[in-house]
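Comments concern the structure below.
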Amino acid sequence: MARRAALELKDGYYANLGIGIPTLVANYIPDGVDVTLQSENGMLGMGPFPYEGEEDPDLINAGKQTITELRRSSYFNSADSFAMIRGGHIDLSILGAMEISENGDIANWMIPGKMVKGMGGAMDLVAGVKRCIVTMDHTNRAGASKFLKACTLPLTGLNCIAMVITDLGVFEREENDRFRVSELAPDVTLDEVKAKTEADIIYT
Amino acid sequence: MSKKVFETAEQALDGLTFDGMCVMAGGFGLCGIPENLIVALRDSGAQNITAISNNAGVDGFGLGLLLETRQIKKMMSSYVGENKEFERQFLAKELELEFNPQGTMAERIRAGGAGIPGFYTKTGVGTVIADGKPTREFDGETYIMETGLTCDVALVKAWRGDTQGNLQYNKTARNFNPMMATAGKITIVEVDELVEVGTIDPNFIHTSGIFVQRIIQAKCEKRIEKVTTRERGAA
Amino acid sequence: MARRAALELKDGYYANLGIGIPTLVANYIPDGVDVTLQSENGMLGMGPFPYEGEEDPDLINAGKQTITELRRSSYFNSADSFAMIRGGHIDLSILGAMEISENGDIANWMIPGKMVKGMGGAMDLVAGVKRCIVTMDHTNRAGASKFLKACTLPLTGLNCIAMVITDLGVFEREENDRFRVSELAPDVTLDEVKAKTEADIIYT
Amino acid sequence: MSKKVFETAEQALDGLTFDGMCVMAGGFGLCGIPENLIVALRDSGAQNITAISNNAGVDGFGLGLLLETRQIKKMMSSYVGENKEFERQFLAKELELEFNPQGTMAERIRAGGAGIPGFYTKTGVGTVIADGKPTREFDGETYIMETGLTCDVALVKAWRGDTQGNLQYNKTARNFNPMMATAGKITIVEVDELVEVGTIDPNFIHTSGIFVQRIIQAKCEKRIEKVTTRERGAA
């Protein structure tokens, strides 16, 4: 999924990658594609993890991991960081999700009854970034679809997801605002996708 | 000129703490938090504090210290994942919690400091965050109104400061600190390095001294929450 | 007037001085009183005019005059400058006026029928600064009072002036929101002030 | 990486100008104005321009050049005092003019770049500026709503920039430039000095390269509007 998502990063893009699978996307950015990564705690031009012994407590990413700076890096405060996000200056965000609905809603921050850690910057990202792509498992542990007619969990954002990449395939939102299966993962059949998708999407 | 400079965190807080006060504390995770001022706030004994901070520290460090002693009545944060005592108090309903999307919170604090009582954002439209908030349409799209935030005392961590209170921050330790510096009725800063006025290039001051009432130099532990490294020889 | 206004500058103050008489106030700041001057085009810690030959085109004040920097100076953008002003961080503003009303309204930016140059930062200053003091001639060239029951010119700000300093005296706004004569200029009598003041103010 | 760097102002504007376009131009008076880009905009021949700029230049310099050629249909400014041709066109009703309080204008541009369609301010309450604008009460005080501003092309003057578009400004030549850089669909910058990426300390970048689409190095005349000096020997 991370490998497939990386293909969505175009040359010259400024992108924000969420925690989890999206973080791995950075490892698969194709050669010759120049992408600048934003970290919403206040940095553009995020570099790789530091070598052991070179960690800087004043330099972390939005997942609170130690990172490094690049020659192109710049730092700014949280208000300026989210001005960048809210103002539509970030080309692409790749993030995880608990549920996605057929009209592009996303739920990824709370499960009622469980301890809620907070939405962090997720609501700002889905509302502000030009193009949001979700990577997630197509079904939950019980085998139920996470790609739904309507989300059952509290929403993170409304009508904001342009593409969903799951272990079963790639689902692109078209001009008519409906999702269409655009790619199938190896050894996955359209029937399998149909069986595991509750959302009303286009299969042709 | 040196009227802003104090010797210790305790002295810097002297006379400014009270029960029911509202405090902002800078930092993202444990990065760029005013460690020494938080300890002094705990030691002041102030109760029923409303604390505005992106996170709630960890057990035994940062704002976690004030949770242990039950001095915090209410937290306003965007993410509080790393704190068991927080979870315990919250589930036992001993602690109020108001979640804010991180960008909304950053902007609310900037707005408070900038004399802007309200602004509109798309963030949170259609979610629980929008509940009870006024909405307005612009160009056919719905936005929600968020309000500006100020506080009684803002606790700020900077890298370098001069005796007039002009400040510079280091790397991602900047985060919420500059906005909070503008939003405190009183702003208290701890810096790694206190220098004479005129040392810092006026072109590259992040926070002007006008926002700073008190400043101390203090040694920070700078604990790292998640050490992540790559192997030497790796890309 | 400038000399009298300078007495309102207290040690540690951050102040913004308007164009004209207010600019002269800086020359009368008493020894031992440490005041930092803001220039709303983006500077705190405004220094004196440069020596001839040392003018810097990148360093001007809000009146577009060449100035110098001090050891304490800092620069910022216009949004941050007015965040400082609007947010109430400037202790004092001293500015000129065409008319002042008894309820503290000020008019100082346009005369209908004449070419209007614009309000610049004046509306932001009177709305945002903690304490605004006006210095002006008490009467216009025709001898008519400029201290009125209500302004006749388009307003710059409503209910925002705390003190008026004129060639006749000093007028302080009290807790009941009414102005009172607090000082008379040398050789000026209360009767003269009464005769030249349209506003309903307290004379005792 | 060097895709952002252009050789001349003319090339930097190529393909981006059109009749009826909305342009922002940085600067306060003649301080920090994108001199060369303004000349190139004039030479592009674009007509019916809406120009957002704190001032309107002087006769024969800055935006005054575009007034001479009648390319500007509407100005949004806070102060336009220094321009006879402006006055003539305005009195002859050949030019539309929208005055904005300087701080309101600065904040509207910041808001536009930050995705904030509206905000409340006390500036202008009870004046002609409030006419027709929505109002709202906060804590018993009345505020007026102002809207965010964006533009088709923002013309920005910076002191130093790198090939990724990271910028630094010099002294009071900063003024409106950083906000305008965020509010252009396309932002074009002219710098005194173009440097390799990595030259500028990442802690002290005023505008991140993400906001900059095109950048040129160009020599500025930097005309001074009001030379004021003191005598040597004076305080």
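Chains here go by letter, A, B, C and D, matching the order in which they are written, and residues are numbered from 1 within each.
Operating definition for what follows: a contact is a pair of C-beta atoms (placed from the backbone, for glycine too) under 8 Å apart; a residue touches a chain by one contact, two chains touch by 3 or more.
Note that the structure is a prediction, hence the values are computed from the model and not measured.
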- Task: Count the smallest number of chain-to-chain hops linking subunit A with subunit C, moving only between touching chains.
- Result: 2
- Task: Considering only mean CA positions as chain centres, point out the chain farthest from subunit A.
- Result: C
- Query: How far is the middle of subunit B from the middle of subunit D, if each middle is the mean of its Cα atoms, in Å?
  - Reply: 33
- List the centre-to-centre spacing of subunit B and subunit C in whole Å, with centres computed as mean CA coordinates. 35
- Task: Go ahead and note the Å separation of the Cα centroids belonging to subunit C and subunit D.
- Result: 27
- Residue list for subunit C, restricted to those that touch at least two other chains: 69, 75-76, 82-83, 85-86, 128
- Sites on subunit D at which at least two other chains make contact: 107, 110, 114-116, 121-122, 169-171, 202-203
- Per the touch criterion, the pairs are A-B, A-D, B-C, B-D, C-D
- Message: Please output the residues of subunit A touching subunit B within their complex, sorted ascending.
- Response: 39-43, 48-52, 54-67, 69, 75-79, 81-83, 85-86, 105, 115-124, 127-128, 154-159
- Task: Write out the stretch or stretches of subunit B touching subunit C in their complex.
- Result: 1, 3, 110, 112-116, 162, 164, 166, 182, 197-198, 202-203, 205, 208-211
- Of all residues in subunit A, which touch subunit D in the complex? 12, 14, 34, 36, 38, 44-45, 69, 71-76, 82-90, 128
- Message: Per the contact definition, I'd like the list of subunit B residues that touch subunit D in the complex.
- Response: 107, 111, 114-122, 136, 138-139, 143, 147, 168-171, 202-204
- Task: Over in the complex, which subunit D residues touch subunit C? Could you list them?
- Result: 28-32, 54, 77-81, 87, 90-91, 99, 101-104, 106-107, 109-110, 121-129, 159, 169-179, 206, 222-232, 234-235
